[in-house]
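For reference, chains read A, B, C, D, E and F in written order, and residue numbers begin at 1 within each chain.
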């Protein structure tokens, strides 16, 4: 099993959820994070002049899925979240060794 | 070393912390997340009628522990957090290669 | 590629970001978390007397970097965030299998 | 002759009503998504400073200046020249003319802020400022003159509007519907979560509105007398009755929500506004309770029609004001206010008829002029932000700030 | 004869006191866990609309209607029939009877909202509504009649309660203790974090309470005269002294907390309430300062006893009101208010005795009736939500909303 | 003879002004980082209870007691002995002396709370309390006596300061600059994000300030008369004009920010304060609009100089008050207030000169005394928290609380 961690623009979340839903990937966990990358920060207005916010609010979407479906999910994320502008975010893939469904205690594939 | 990531109902956190404490697992990191799974969303009231909140507030509890103790911790989580109703959450286990205690710079097992 | 997850004191974030920036590690993701470890909780004041807050606000900084640079980053984190007092936090290192830059769809090293 | 008690009451009432405009901002701001919370607060706050200035320059004289054929005030009082510390007995004989002027300013300020609820989360801030300035000129000042100006044609007809059910709420409510139709739905409307971001802030807003409304209705007596007291009493009673009924309705549906009772209270306050100087407390219970039901089901209908009149200004203010104005024609009694008239229940169906005509004229006028105005602004400068700005939220895209 | 200055002052005082009920909601709401914040705000807001309606229908006449044997008011003024714009010289000769009625309504509204602090985070909303309606009927209206009604038996005894130390705070405080004992502790009490979720909201509440209290005490003069001014002065002074003392006490313990000074201020306001029309500013310093110490150590004791009277209504309002009523018997002076009486310090121990009797009777009465009422409601409909609902929080389980 | 209308107005004005001090706390609290939000709110709240007590004991008599050579009040009214319900015709003939006393208390309370903005996020709470107590004794009470006390030397000179442009804002603004220089920059100033943590709270504060300012300026007429009304009218007008101008300036720069218009409104209110009883609405437009531009560019300059006068008390209050006082010398007209004087525009350059002298003396006096006081406190107890306490934030380090 693989964990897909996508750090995306907050405003894309609703769309992404919908597309993932439509393709049957309903389970996910979302965290509000702040990020910094090629985009550096953004300028916000103070009473007078502006100040740089070094970290930009982003959303981290985590999905644990079967290894085979990873590419499908990446594709969906790219299709929804890529605007071509700096700040679109990153996707990180890593291994998950075990999954347990708390409700039933089931483990592995069938717990996903 | 393994990382245990449990996504649980927020209202179970106090109980879980206490049980983990009692068994000697005092170190953990907690994040407020929002999730979506079998439970889909919940309905909340608007001025009139209701609206669906697609993501439900959950709590993610992360513990990095020795490989041997993983099962013990899973057991505790299951015993406290399983209500048998949809929305109880999931536990994900993955590998951690190295741990460093910032205070001392110690590494590995003894940094846990 | 490796993921470095550092759980640090919130008040160190500004300094850490600056030092990482200076060394060319500009990309990172930050999450507000609450933690518990050797430090147990802190005591806060109620109207009368005090109460223990079991979880202390911390900041989690995540950087995905090339395997070779891990030690350099750890060193920077230690230099900035180590005060020698309980509560300084931990660094966890794990493996990341793939990275995708959402903006371009690039993968691997060059997506970092 | 200036009476110090009357002056004290009108001054503090004015302060209360001015507080209502930012209160609308909090009430609305807590109901939108976090990414446009500040922009919503800002638009209401902007009504306050924008119309304050416009009113001093031209608004007061257009609304209350010597009448031109009953249609609009003359320009004699431009820049408040000639409006001083002495009373103007045409409007209020015991308080300085400037006190009446500022009390009325507060009404002119709050009215456009009400409309904000219809186009939150998608309007350009610049377009909003243009809209608000012109709307006051084209809709509010004329209607205020018709109903309240000496010589105004609806006033001459015998229309009763104690504190602005028609002038304030009907105009704002129908304008809101018009702009909503022109500007269109928010992206994702009916699909994405559009959850209220800050219900405590909504309650703070609602509570300050309730508080301010004592000045709104009580101050409209323009004196600290029995009538002012009576108006304050029925105001509180109608608000409470409406909140109670809304609670029951939402409970019948599923749960008694905080958002619901806050809305109900506001609807009750709206409905009692035109009647507040003419009815007794038991009538106020009826007016408030019925108002809640009307607005409640109007929202149900509005949602069925999938019109994104986002915060239901039409259902709450348009329908609330309409019902209140008609209810004045039913429940008004000269036993409460000798200077008023008897309504249907006291044997005078004529008043009801006048009230219906007044409301109808005002509603149609406001809807049509607003629709045309919004369309025009849309054509010339564009009402709506770009898709990306909307997705990012107005706080960042219009004001470069985050709540 | 109606005096416009007096009427203006009582009207605005009424508005201030009505604002206090939602202010209690913010004060309490910020102190509970986030998952029940809205529910706490909602219960206070519900006191406002529920009792507003009940008061118009039956509350006023039961409290102030022509006395039945000094025990309760008659039903002559049911639905406010006969309560009009003319003054009722029995209560206030220079303002409309309706003004006195609404000013008193504000007190009847705020009192049950104070009790909310004792059972937050675990009560069923329906049970709360039943409790509040019946509590007003069984405790508040009788006691208000005894102490303030013409012919009321405690009033006849010579009891002094300028603005409700006994009627409002002692009744609420002892009722709070009773309900807390019946409903029991929150799950996890004394074990889990029960941290205040929103201290800025607590401060907003406390500040609006301080502001509103000028109307509470100052308005109780029922005129804009020297006595009203004196009452406002001692109110501010006592609040400040109590906040200062609380700060010092909490600093001696460890740190001067914001929650502490906000609480201290409220306790000072409570304690000065019964005395506010009878004492001078230096006495106010003493009354406020001592009140803070009493309530502070009462909370220490309450926590030792592990009673989950969650937001210390008993310690703050029960003990604050009790001390204030007794202090009236000590510090009252006819030099401040000729219509009052001299207290112990001015050579009249008799007053102190009357005050003690009044407080004792009221406290015992409120405690017993409330205990019985809460027990009964618990038996019939159940006071408490299910365990799971409590864990999830009342906001979602009772109102389907999140703060 | 006490006039009930005047008394009602001064009482409610007092309540409004007292509300302003916590409002400053919200206004400032929302502008600092979250980790010091509560500490900021706390310092303003502490001004309220600390100075309330000090004023009753010594402040009033030092400020308004029988003059010692025009420099300071005598101690005759220590503990308010002799200050009663009868009017003191020296200050206000139609309201109780206690009413004038408490109205003035509100000014003495709010002034030190304004200074808080200069040293937020790094001052020791204990040092703050010492500073505030001594500052009031050494700066505020003397200056209040000079300008407003019967026999005060600046009053004798003919200086006009209707509601405290000099006494309140110039003293606070120049004091703020002095403390900022002594205490030094926040760690990370000019490098780390110091973003406002809660802009809605800033707006709540600004709105309550606007609301309270009607009492601040309108109440300064000490009667509910034409002058009070005129003062309220120009207050609202200047605030609106300044907000509008600030919006335009910040838009020219980049975006119209909420923080900007809230600041602009406050600056307009500051600037009109000394002039509010002497000018007409069109002058108010000018005074407010120009004030916004002055403060705006002063902040630009202050930022260039990299002085961490954190929330720009100097630019907003110091420069706003300075400009307003000078503007009084330009725009004042006896047509508005016969008891005032004509300004430059009405042919009397003498007044302008007096105003400049008054402002200069006050500014220099406040700056020097404050600088010395702050330096002394720093030497003896230390003004600043430790580096680690500052990094952790004052909420936890000074108050053991989190917002």
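The working rule: a residue touches a chain if its C-beta (ideal position, glycine included) is under 8 Å from a C-beta of that chain, and two chains touch if they have at least 3 such contacts.
Here the structure is a predicted model, which is why all the values come from computation and not from measurement.
Peer 1: I need the common contact partners of subunit A and subunit B, sorted by label.
Peer 2: Where subunit A and subunit B share a partner, that partner set is C, D.
Peer 1: Answer with same or different: of all residue numbers used at the interface between subunit D and subunit E, are over half used by both copies?
Peer 2: Copies use mostly different positions to touch.
Peer 1: Please tell me the distance, in whole Å, between the geometric centres of subunit A and subunit D computed from their C-alpha atoms.
Peer 2: Spacing between the chain centres: roughly 44 Å.
Peer 1: Based only on mean CA positions, could you tell me how far subunit A sits from subunit E in angstrom?
Peer 2: The answer is 51 Å.
Peer 1: Using CA atom averages as chain centres, what separation in Å is found between subunit B and subunit D?
Peer 2: Taking the mean C-alpha position of each chain, the two centres sit 49 Å apart.
Peer 1: Where in subunit D do residues touch two or more of the other chains?
Peer 2: 3-6, 8-9, 12, 193, 204, 224, 254-255, 257, 259, 399-402
Peer 1: In subunit C, which residues are in touch with two or more of the other chains?
Peer 2: 14, 31, 43-45, 50, 54-55, 83, 94-95
Peer 1: Pairwise, which chains touch?
Peer 2: A-B, A-C, A-D, A-F, B-C, B-D, B-E, C-E, C-F, D-E, D-F, E-F
Peer 1: Show which residues of subunit A lie in contact with subunit F when the two form their complex.
Peer 2: For this pair, the touching residues of subunit A are 43-55.
Peer 1: Residue numbers of subunit D touching subunit E in their complex, please.
Peer 2: 3-6, 8-9, 12, 16, 199-200, 203-204, 207, 210-211, 214-215, 218, 223-230, 232-233, 236-237, 239-241, 243-244, 247, 254-259, 261-262, 265, 280-282, 285
Peer 1: Can you name the residues of subunit E that touch subunit C in the complex?
Peer 2: 193-196, 250, 253-255, 257, 259-260, 263, 296, 299-300, 303, 312
Peer 1: For subunit F, which residues are in contact with subunit C within the complex?
Peer 2: Interface residues on the subunit F side: 35, 188, 191-193, 388, 391-393, 396, 399-402.
Peer 1: For the complex, give me every residue of subunit C touching subunit F.
Peer 2: 10-12, 14, 18, 42-45, 50, 57, 83
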